[in-house]
Each structure stands twice: as C-alpha cells, then as structure tokens.
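What follows is subunit A paired twice: with subunit B in the first complex and subunit C in the second.
Then we have the complex of A and B:
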C-alpha cells in the first residue's frame, strides 16, 4: 500500500506576518478630519457626490471583498433608490430624511428579490443573473411614466431636514451627507467585524468547508446581499437629494461597471479602498470631462492596468507593503 | 449501528465510481475505509456527507434517513467530515479557523450589529483544541502560512471543535512527518473514546493500530471487511494491492 512521503515540517522560528490593526483607526481619523476641512478648499457639491459614490462602492465591496460575490448589477439598487427618493420628495413632498429612507428601503426590497433569485448561482453565473436583472429593471425605468424616461426626475427639492433645517444651504446639506456617509462606513465596518462577518469571511475563504461545518451559506450570502443593496440604496437616495436629480444614468450598466472600477482601483477587501477609489475616479472624470467619450477608454485602460499590475488596488498594495490592515 | 448505507451507488457520466456499497459502522468504533487510488473512497465520503447526490441507495444516520438532506444539515446532525485536500480558511488565523467551528454552538450567527469580540469567549476552548493537535505556537499564524502537515492538523482541530458524534476523516495523516503522524493517531484514539470515527487512511500502520473494523474498497465495490488480521490475510486484498502488503 502506498505510503505518502512526508513533507518536513518547519519549526515556528520565523514569525508570520503580524497584522496591526490600530493603523485603521488612525486612517479613519485622518479621513474624518479631511472630510470636515475639505469643503473649505474645494466644491462641496463635488465632495458630497463623491461621498455618495464612496458609500455605494463600500456597499459593493461588502459583497465582493468580504463574501467574494461579484454583483454586476449594483446600479439597480443605487438607481432605483435614487428614483424613489426623488419621486417621494418631489411628488409626495417627503422631508429629505424620509425621502432618503424611502430610497434605502427600495434598495433593501430590490436586494431581497434579486438576491433570492441569484444567490444559489456560483461565480460567473451569479454575476450574469445580477446583470440581467439590473438590465431588465433599466428597461422598466426607461418605459415607466413616473421616472420621467430620458429626462429623469429633475428639480427635486432638497427640503428641510426634519422640517427644520434648510438643506438648500450647501453647508447644511454637506453635514447631512457627511453623517450619512460616516454612519454607513462605520456600519459596514461593524458588519465585517461581527460574528456574522466572521462567517462571511469563512465563506469567502472556503465555502465548501463552511458548509461542512454546518453553515447554511446561502442564507448568510443572502443577508449580506440585502445589506449591501440597502446601503447602495442609501447612497442612491442621498445622491438624488444632493444633486436634485434622478436619471437613467444611475440605473444603467455603466454605473454598475463604475462601482466595480472604483472598488478595484482603491483595493477590494479593504475598508478604505472603495472610498479612495471613488474619489480618484470622480476627480478623473471631472478633469477629463473635456475629452468626452475618451473617458471610457481611459477608464478601460485603468481597469486593465489594475488587473494586471496592482491587483490589490492602491490601499491593498499599501496595506500589504506595510503589513497592516486597512 | 450509527451509520448504514444500502446499495450506495454513484455514476459519473457512465463511469461508476461507487458501486452498490453497503456499509455498517458500529457506534463507538474506529472504522477504516481503505483501497487503492481511485477506489471511490473520497466519493463515498462525499455521498455520506451529501456533497454528492447518490445515483441510487440509501443512507441512515442514527436511524434517520439522511439520503435527501443538505450537507449543512448533515453536519448539524453530528456527522462532520474533513477533506482529503486540506480545507482550511487560508486568510484567517489558526485561532479564527477553530473559532469559526466553535461559533456554530451559538446556532445561527446572523448578528451583524454585534462586535466580534463576543467570540472571544471561545478563545480558551479554541486554544485547548489547538494544543491538542500540536499547533500552540502557531495560534496567530494565518492558516495559509502553515506547512502542509500543520494544515491537516488544523483541519482536524476545526472538525473536533464541533464536538461531532461521528467524524469522517479523509486521510488525516497524509503529508505529515512521523512524529506528527503519531500525535494525530493518538489524538484520533483519544477522541474516539466517546465518538465514532470513519476514516480513509493510506498509512497501514495507523490503520492496524487504530481500527476496529476495516472495509476494503476497489473499483467502487466492497472487496473485504473485517478486523486487520482477517483483511490482511485475504488473498484478494493482497492481490488488489499487488503483493506490496504492508507499506
């Protein structure tokens, strides 16, 4: 009978990589301070938009980075939340916080529906189903009356927060967006570092093994999917109030692609990566607005460069070099 | 009997990997499943733990028909397996690997609003299990950084963390040095005191040392069954191993 050759076992002389965690706290403080002073140096509207996209990318990253699920139709939750927030604020006269909550709930419900259909599929099939559902809902947005078709929903009133604070004042709006962004960011951090998050990590690392330990992984994946869609909804709803606009751009597939790009550039599976990634991509889009359609080509090149050269993304490469967790 | 199969069969596109296997594992024993490469041992394990759906046949565990269950449900009933190809969570620490199994005792872990520090209450038990398999000095290592043999040990610790009524171990000592083989063999003997173990093992000295019953599988069929003496004296078994006898 065959006896397998034993591999010599190394003694633990060399200490393995020790991942320091306090650096994340420092970086978080830097980020908060940066976002507080930033509006005095650059356009608050740009920063608010960037924070909405950053939250969107963080929500997307919760799936791809911490569960290993590639959703290729995340514009569905962002865009439809944006429509519902805009519509409820404009047609029903909802106060901004209620309008944003409406958008958030829209993300949750759509996430539950789409997630239930997609979650049993693996790998590329999962990505394809999420994309197909998103496209289906894009055409619905194109046809439906209340979305305003090609025009979208314009001139959405920002209104008064709790009926009191006037959000047409840029600084008031800025503080609201900052609070929503930070709350969303910390919420995601908590999810990742919860008992639930531990199971998600195990599923990402080795789903078969997680199942063999008795975890019903489909359920965990579905909950993560709904949480991600909900947060994407919060981002989309906030965006609609900030820009006073919901349009087809928000639900269309390039938006889904953009959030993948933002996450990839910043570093998937890192908490700060998607934030940095979305700021970089947005700055680039502004700077390159003059070259028109070429932006897409440039984005394509960046995408390929990321995949080929620095797979971990900017924050990911940095964390790896410094042996820290970011 | 704790585990019984009846005419268990698995066909892959016309090729029969497991062919009418009827197996009876007595409670509280160590039962070895041996046979040459490609005999269908791992496929059997996959069928028993529902990772593969049998083409035909029935499986009963503790008198309950489990033929139609999902893999996670089988694990919850107390029938837990390890894998031939080391199954660890690579980018989690050794401690976290074991803890993820201990965490199952909480029932579902859907509490995404709670800090993971509530899991620290499992650290003590996790470290005990880690010590049992000789990994104490590796507790903070990422599993991916462990040498192969240590990964196997970690997998066993993780499996034991569920405190299962019955363990299925697929080649637990593969890739280990002599010292570690002895350690794991002792560990299996110890945990089998109040459990049932079904294991696939190529190392015949481990098999002879540990097993109460041995089932020999070749080309998907049961060739012989009995204690070590009976089985090793069987001419057909000797022939199946082409006279190599004891490895």
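Then we have the complex of A and C:
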C-alpha cells in the first residue's frame, strides 16, 4: 500500500452553516447517545467487544490516517496488552483498572521498542519491519509458559473497579468500557487537532518539506507510533477483562490485517471511520457465523469493493459528498 | 347445543394442554469449527450426529421437545466465548456440545460454569478439562491427550515397539504430548532413544525424518497435530520409513485424516481412537444414517461425531429423568454422572466425578491398500485398552472437585 491511500479528504469551500461547522460535534453526540441506548436493544457483551475493537482501529488510524505510516503488526500491542492485562488480573490479583493500565503500559513499551526500529525505514520496509517484529512476538507468545500457548489464559476475574464496583454485573462493565472508549476517542481527536497533529499531517503530506521546515520528523513519528501502540494496548487490556480471556488470536497476524480492513471500510483518516468500520466487521463476523467459510469470502469481497468503489471508506465518502469534515 | 359442544371442545383442549405442561423443552447448541482445519473431524458432521441423537431420543420420548442450533467459532476463543455467552443468555440454550480446539473449549467450559449451564466436550483434546481446570458443569466425552498418549504408547511397547524417537511440534501442546507419551513408554519398559523439536507449520521435514531414520528406533512418535501431522506422514511415506521397518505412531490422528491422506500414504501408521465406524454392525448401520443426514459422499464419521451423538443422547435421558422445571446445570450434570451410559455406539460406560466419560480405547494400524476390501476400510485392530485403563486415573488429574 502506498502513501497515496492516505490521501487527505479534500475540504472544499464550506458554507458556514451551523450543521456543517459543527458536524463532528453533532455526530459525536449521536454516537454517544447511540452507545448509551444500545445495550437495551443489543447484547451488551457484543457492544463492549465492538468498542474495544473500535478503539483499536482508531489507534491504528492515528498512525496510518494522520501520519501515513502503515503498521502491519498492530496485533503485537493489542495482543500482548491483553495477555499482560489478563495475567496480572488472574495471577497477581490486580484490580481491573490496574490490569488495564498494565496492558496499556505494555503497549507503550512494546511500541517504543518496535517503533524506534521501524520508523527508520519507510513505505513497504516500514510495514515489513512491524510485521516481522509482531511475528517474533507471536512465536514468543506461542512458546512462553505464562500465556498458556494455544490454550490461552482463561477465567480472568473481572473483579471490582477500585475495589468497590462489581464488574461481573454486565451494565457496570459496559459503563467502564464506554468511558474508556470515549476517553480514548477524545484523546485521539485532541491529538489530531493539536499543533502536534498538524505537524503529523504535514509529515504525511510531504516529509521532506517538513524536514526542511526544521521539524525532526523521526521524533514526531516515534511519538505518534508510541501513542498509537499505547491506545491499542488500552483496547487489548480492556478486551481481556471484558471477555475474561486472552488468546493467540489477538497476537496473530490476521488480527493485524483485520484492523486494516476495519479502518479501510470505515474511512482512512476520518475520526469516525474506524468506529463504524469495526462495528461493521464485527457484526459480519457474528451474524454470518452460521454460514461458515463464507465469512472470509464476504470480507474479501467487501475489501475489494471498498478499494475499487469507495476508496475513502464509508465515512470518508459521506464526508466528501456533504463537503464536511468527519 | 352447538355452544355447549364448543365449550366442551375448549375444555378438552385446555385439559390436554395442562396434561402437556409436563412437556420438557430442551435447546442444544452445537458449537464447532465449520469452515477451517477441524471442520472434517467435527463441524457439519457433528450437527448431523446431533440430529440423529435427537431423532432417536424422540422416538421413545415424544414429550421432550428438542431444538437444535449450530454455530461456527472460527477457531477464535473470543468468537467462541461471544457465541456461547449469547446462546446461554439470549437464545436460552441449556447445553453446548462439541467444540474442537482446546483454547475455545476451555473458554466455553468456564462460561458454562459461571452461568450454571452444561458443556459436553467431544471435539477438544485437552486433558486439563477434567484435570486442573475441571468444573461441575463440564463433561468430557470422547477422548483426551492423556488417553491418546497412554493408548498408543502402552500398546505399541507391548506389541514390540520398545524404542522410540519423537518428532515434536515445538510448542506447549507438542511438548505435553511428548512428555506424556515418554512417561508411558518408559513405565512399560520401553526406551526413548532420541527426539527432535520441529518448528510449528514446517513444510520440509526431510532433515528431521533423516534423524529419525538413522536413530534406528522401532517407533517414530509424531507429537504434532493438524497440518504438521499430515505433512510429516506424507514425507515419511516418501522416505520409505514404514517400508524400512520402522513404525509410525500418530499421537493425534483421526480417521478423516487417514481418509484424506489415502491408504498408500498412511499405511502402517499406528493410532488410537475410541470409536471406528467399521468395527461392528451397529456402527456401520449408524454410519449409513449419518451419511444420509450429512449428505456428503466419501466421508466417514470420526469418533468425535460418535461422541456428539452419544453425549447428547445421554444428556436427553438425564433431562427426561429430571422432568420439567428450571434448568440447573449442576443438577443435570450430577444426574448424568449418576446414571450409567448406554448407547449403540460406545456401549455401556460411566461418567466419573471429574466429568470424564469412561469407555475402552483401541489401537489401530492403517491397512495397506491391498488389504483394504471396501471404501473406508482403513484399520486393523491391534489392541484393545479396557475402559479402566484407557483414561487417566481419577487421582492423578489434579481436579479440585475430586481431591476436595
């Protein structure tokens, strides 16, 4: 995949009507209300998992959509965070908030290590280095004792938040996940719209020019990489507590591919795109569970259709049609 | 007059419906791998087996209404766990059956315990399901890793294969299988002369097979699974290992694998199973019905399919014995354990307190193409391991429910 994919959404002359300038805020409110009402209509566990994946996809999008770096090894941070989070909750008796923080820190540390190596190269080499490191750590997870190999870590206790709130009650857990997801989402929104985010976008557009303007682009890229890995870690850690298990699926390379698909379907470089994309992909996985092997075929067809028909993704195309920024 | 007749009819209907309030409603979920590497050993074949079990049971118990649903866990523990949760909570499923893939099975077992439902394992091999991770809501039906290692190891040594060389897949599962089998071989007076650790998903086994060949061990144990097993068996045939006088022992091979490999490649392979379709008339008759239900020519049921049938049948018997009322997973499991099992496929058997179903196991050797008389005629029976020796002794499993 070339950097061309990460084309910015052209924002032509915008008529300054309220709903155009405030479109992102409006959509955000709609999303929050939707997520608050949803558990009364849909199975909450499914929504919680979808939010974890949405946060994961948003974190991935921060890197590819706004810095133009295609990491093909994001499962590394997601999966290892879920292992460490699950292990700390089960073996060391950490409370859920500490376990999730452990997972987040795992993502950050691994992101720093992998990122400082990977950002030295560009394009396909960058992607290959991230993939190679992720595969290395996959085999480590397969062999290590504490990960339980292909059995994974099961029966992770959800515990009590701050020692007080019982998370085994579905609604309590739901609120915690919702808060984590929204916090992560707003954090990413803040990053993108900060001066730091502007520099990232400048690097995406033309790295040489950013260097000539005096920016140390490697540092910016590394910080963005670590931020993305950290948020992916938060998503993985939360998922381990929600589903009460951590398994090889989360560190294996198809997971790295799945997050690319989620982001692409929703809309690369749009803030809402990855959220929509991950919900679509997850709904497909569960609703189509009965049709067996066709899940993968349908996923493939959607991927091809996306690339051929709407390269900006669903949210990206929508934003372009309505000439707004989402 | 008409009115009274109508009323009488209504009363009669009402009376009938109160009589039928005793009707027991059961919902069974078959959770399996429908599309990927375990689809042949479980998958759609398990659904067909479940349908046969329900049909057979309803012949004698028409008052038990059974609904059957199935799903694909895609070999992902989180998908399996999501489906299991939803089945138990939303779809009112009482029991989940099959679940090949130990990772998914351990997750489902935990959910069944937490929600006080029931889980009948046929497809997964992990012996921890009735060992350290046992629980009062899980019954492990067909086979497990300990039984495979024990069956093959013991029977091979007793029939003369007393020196072993292991080809071991280099991860936890392979190591466990190798360690278990080594223990059995040495306990029965055999000797392990060497072993080699092979990376997972290897395509080229030649250097490992050469080591195995030059070790002069009488038996080469394949402590691997899935694609690795298939590849190592194929390449052993190319190296003429069996023709050279050494024996190949598959520690996790199913009749569907033998069917896929073909007899020319698989001949001479030793393996342990608890059920084989061509063993007696009852099995053959059942296979005919299974084939009609499964609607796939050239396929033969595996022991996992037989286990699904047998497990569901026993569950339904227990359920009917308990009568209508709120579903209580623990009570149903206790009932299942207290009743002796009896069906056409596995014969008489029992379920131990740790959830382990007990029945005999058989050591088979794959026939040469010239010995095979009809399609699906795969095996020669080499030894029968009696029920009381086939599975891990109750005390050695480390199941907290048993040791108290």
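Remarks
One rule holds for everything that comes next: the second predicted complex is superposed on the first by the 305 of 326 C-alpha atoms of A that agree within 3 Å, B and C clash if a C-alpha of one lies under 4 Å from a C-alpha of the other, contacts with A are read in each partner's own complex, and residues count from 1 in each chain.
Keep in mind that, in the parts below, contacts are C-beta pairs under 8 Å (C-beta built on N, C-alpha and C of every residue); 3 or more make two chains touch, one makes a residue touch a chain.
On a predicted model such as this, the values are computed, not experimentally measured, just so you know.
Judged by the touch definition given at the top, the superposed model places A:150 against subunit C, while subunit B stays out of reach.
In the superposed model, A:248 makes contact with subunit C only, not with subunit B.
Judged by the touch definition given at the top, the superposed model places A:198 against subunit B, while subunit C stays out of reach.
By the touch criterion stated above, A:295 is placed in contact with subunit C alone, subunit B being left untouched.
Note for the complex: subunit A touches subunit B at residues 1-4, 6-10, 12, 16-18, 190-191, 193-199, 201-202, 205-206, 208-217, 219-220, 223, 227. Remark: subunit C residues 34-36, 39, 70-79, 81-83, 85-86, 89-90, 102-103, 106-107, 109-110, 126, 128, 133, 170-173, 200 touch subunit A in the complex. Chain contact summary for the complex, subunit A toward subunit C: residues 43, 45-46, 49, 139, 142-143, 145, 148-152, 154-155, 239, 243-245, 247-250, 285-286, 289-296.
Those residues of subunit B that touch subunit A in the complex are listed here as 34, 36-37, 49, 51, 70-73, 75-76, 80-81, 83, 87-92, 96, 99-101, 103-104, 106, 108-116, 118-119, 137-138, 140-142, 145, 147-150, 158, 162, 174-178, 180-181, 202-204, 241, 244-247.
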